[in-house]
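One structure, pasted below without further comment.
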Amino acid sequence: AFQDVHVMIFVGFGFLMTFLKRYGFGAVGFNFLLAAFGIQWALLMQGWFHSFKSGKILIGVENLINADFCVGSVCIAFGAILGKTSPIQLLVMTLFQVTLFAVNEYILLNLLHVKDAGGSMTIHTFGAYFGLTVTRILYRPDLEQSKDKQGSVYHSDLFAMIGTLYLWMYWPSFNSAISDHGDAQHRAAINTYCSLAACVLTTMAFSSMLQKKGKLDMVHIQNATLAGGVAVGTSAEMMLTPYGSLIVGFICGIVSTVGYVYLTPFLESRLHIQDTCGIHNLHAMPGLIGGIVGAITAAAATEDVYGKEGFIKAFDFTGAYQTRTPSVQGGFQAAGIVVSMLMAFAGGALVGAILKLPVWGDAASENCFEDDIYWEVRRGE
Amino acid sequence: AFQDVHVMIFVGFGFLMTFLKRYGFGAVGFNFLLAAFGIQWALLMQGWFHSFKSGKILIGVENLINADFCVGSVCIAFGAILGKTSPIQLLVMTLFQVTLFAVNEYILLNLLHVKDAGGSMTIHTFGAYFGLTVTRILYRPDLEQSKDKQGSVYHSDLFAMIGTLYLWMYWPSFNSAISDHGDAQHRAAINTYCSLAACVLTTMAFSSMLQKKGKLDMVHIQNATLAGGVAVGTSAEMMLTPYGSLIVGFICGIVSTVGYVYLTPFLESRLHIQDTCGIHNLHAMPGLIGGIVGAITAAAATEDVYGKEGFIKAFDFTGAYQTRTPSVQGGFQAAGIVVSMLMAFAGGALVGAILKLPVWGDAASENCFEDDIYWEVRRGE
Amino acid sequence: AFQDVHVMIFVGFGFLMTFLKRYGFGAVGFNFLLAAFGIQWALLMQGWFHSFKSGKILIGVENLINADFCVGSVCIAFGAILGKTSPIQLLVMTLFQVTLFAVNEYILLNLLHVKDAGGSMTIHTFGAYFGLTVTRILYRPDLEQSKDKQGSVYHSDLFAMIGTLYLWMYWPSFNSAISDHGDAQHRAAINTYCSLAACVLTTMAFSSMLQKKGKLDMVHIQNATLAGGVAVGTSAEMMLTPYGSLIVGFICGIVSTVGYVYLTPFLESRLHIQDTCGIHNLHAMPGLIGGIVGAITAAAATEDVYGKEGFIKAFDFTGAYQTRTPSVQGGFQAAGIVVSMLMAFAGGALVGAILKLPVWGDAASENCFEDDIYWEVRRGE
């Protein structure tokens, strides 16, 4: 399972972002850079906070998975600012975001005692709103100077499909990686699987329906097909049931595709949020849906469905939380969503302000989405 | 093992078909669509038939693997009609083929008590002859209007090699996924591995020998190298021995490469079977060989080689089948081949007739093998 | 773990070498050919030497992993002569190198009782110096005739990044594949992981610093980022500690990047070593470093750190080796480096001389790095 998550972070996110015609090196290369840096920083952070014993840091496979999760939220935020920032800015953002991620995760999992195995709230909602806030603050009014480079070409779309397929296939492992072995892990994988499969169908249908001539748009297929995995991140290990997962997947495919067609242009023109990869549609909205579905599923839990022992185990109603009821748990889950969003807005505003300082060597607007600034590029055949 | 099979279906088959210069989106995208749809439909079908208990469907990992297998046969049939059908037609075909696959599998495994762990008969022979029958009925006499689009370009061949390598690497997992844990699974993986390795060598040698100037043809390398895996699908978990596997692999590399050079043009000009990916060479013939090798290996089984317990376990000679002898089992295996082919011809004829109805919006012949009809395509650099 | 190593050999090495603009088919295709051939030959060799019982060869999964390792060293040597040899030459080289690999491995592991789980010495040092010796003997003074084909284009660099990422991600599995289950395996994976992550950072930093305009060079990112994995091959399963791994990774990223910028041109102009992929920087130097680090780590081992039992187990100080001390073990490790290099030079000289015979149909210098000689190529859109 650890290797599966690893593939998602490096190949999945890396290639998903290669769709830009002249920014393939930046997408794969900078994703590689920030992921490698983020993992080390996350391991150190975890080590200092959680497993610091007699001057030594103890590292196990579960630490590596947690570090990958943490980096996942950075990769998501990277999607919003893709093509507009320098590698130094990305490293600075990674440094701060990993730290804030750890704080947010601590509040949710330890203080609020929220369940979020697949990270709908901690990874997706937090990562996406963080990235969107950063890109809002870094708003470039003159970005249409590089509008011609902001599209894809035939081969770049195929490279991006490599990323999509790997994310899609390994998402069940992602959502079940840190669940308890046995029932919960099994459940998480199968629920995710059903949601993703349903999501592909509605994405295809709506992508075709919303276009003038009924043609499919590769951007939707690359992204919206994954929304179903995001949206069951919290609830996958709970008793969502396959039917419930299919419904969540169906809805998310629609929401995400509609978002790409109508919401992204609106965000850019009205709210000045320039969201290169459309993470609002793939991570922010489905992440919110995931948090809400998780809260509802938790509130609706009964001992009948889970069995007495399974019920206590599923929500860790032990020790100080022995007396917590499902409906209270649902309330805390909802609180988790709010906390994640507030942390994302505050953190994003802080980091955005830092990145706006004129010392980081970011590219001029006419050079955005262009590898030539940071890479030795050999073109032509 | 489940994830391995999953990678084969989505990345392996998806990218294997991207070799066409202007149909890469269709290959990956429609494969993604029909696989996601087929998996859901297969899960429901299995649920209704096999694991329906008190109004609920029970889903486990073995169901997911079976659904993947089922979808594998649809992907094979897709190879024959690639570039000539609309997405709606593909969904209709998937709907029917998944159903027929389940019926055929039921007849073979439950009624005839045939062993077919890697699906030489149920997946490859059935899927390939099904697809070939469909493409025969959908014959387009004026297809040479799009002849210029039916080839590959340099980069599309490299994308296809991604598919080939993933299929090649994970084929041992495919053939051993549903074998009994322990000896049989081990045996299946190693036999498949040997057969595939041998197949690569003869494919390379014959690809070079059959060409005028001794040059290698990428089409052969992409496809015929996999024939060895198809051909040990039935017998891999039996005592085929590594030497036996090497011989099967050697032969299949030759048969498949010769098929691409001589048989595919013959099928198109004389029998009016337009087989885009050459599935006759990769799946139909090696599948038949696999069925026959399986029948012979089963008929030749003795207690000396398997051990008394291993023998009974290998062929499930328990309960009603307690008195079945190896030679009788060999006969039933042979009957399984015939049944699979008959089901494929009948089913393919039915589905082909349905798809010939002028309501599905398939492309005109001059627009075949062209993404522009169904996709928003941004070309040029 | 076996599948992970398999992916590295076929996808990792295959695509890593597709960076040449007109030699993508050769890179993937010939790598596929020699890997499939080498695996069979390695299995037979192992079978005859180690597991020959009553006329039969016994094959298990560990044999397959060993065969993959053996082929790994052939793929490394292939990197030095990429684009300059015919497929027949590659098969001849594979035949000899697999044999010599087995002899060298036998001397190191059985006679010197050296530990080398990730193969810094047996795979990387041996494979790289073998390949460099061969390419020295096959020196082509007129190779600048095909200088224009020896570069990359945009898309070929992206294909190569697929190889890089797969090698990078699965390297922890590679280094831990044949370690004892449990502690040692765990340790090997985590140490490798840390070293690789650190290596990415220094590679990026130095790639930018050593270039005139501070631009990153894709060649460095594709290759030097992996040097950290090579350099902990021997010591990963020992008590290198995460901090130690980070330091090794940091150093190797620098050494390897500096090598690409300054050493490769020097080797070509002065020593007449034409090293297509720069294996001297990725495998030879990091392999040497890995051997030395391994010798030091072994010599520094104490019972305090490993625990009494762990200490004996880690170095197999049992039977005839019961009385060996850590410092003696360190000496033998150092001897292993020397033996590997001598074997590589002698073997490479022999094989190079054989390949220089004018009977193998290698391409003229103006046709090097060109698929057209050996493949049917369809270019243009």
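In this document, chain identifiers A, B and C correspond to the written order of the chains, with residue numbering beginning at 1 in each.
FYI, a contact is a pair of C-beta atoms (placed from the backbone, for glycine too) under 8 Å apart; a residue touches a chain by one contact, two chains touch by 3 or more.
For reference, the UniProt names are A, B, C = RHCG protein.
None of the values given here were measured: they were computed from a predicted structure.
Undergrad: Specify the angle of rotation obtained when superposing chain A on chain C by their C-alpha atoms, rounded to a multiple of 5 degrees.
TA: Chain A sits rotated relative to chain C by 120 degrees.
Undergrad: Mind checking chain B against chain C and telling me if their interface is mostly the same residue numbers on each side, over half, or mostly different?
TA: Different, since under half the interface numbering is common to both chains.
Undergrad: Using Cα averages as centroids, what's the distance between chain B and chain C in whole Å?
TA: 35
Undergrad: Quick check on chain C: which residues sit in contact with 2+ other chains?
TA: Expected reply: 155, 162.
Undergrad: State the interface residues of chain B toward chain C in the complex, per the touch definition above.
TA: Those residues of chain B that touch chain C are 4, 21, 151-155, 157-158, 161-162, 165-166, 168-170, 173, 186, 189-190, 193-194, 196-198, 200-201, 204, 211, 215-218, 221, 225, 242, 246.
Undergrad: Name, in rising order, each residue of chain B that touches chain A in their complex.
TA: On the chain B side, the touching residues are 3, 6-7, 10-11, 14-15, 18, 24-25, 28-29, 32-33, 36-37, 39-40, 43, 57, 59-61, 64, 87, 155, 159, 162, 373-381.
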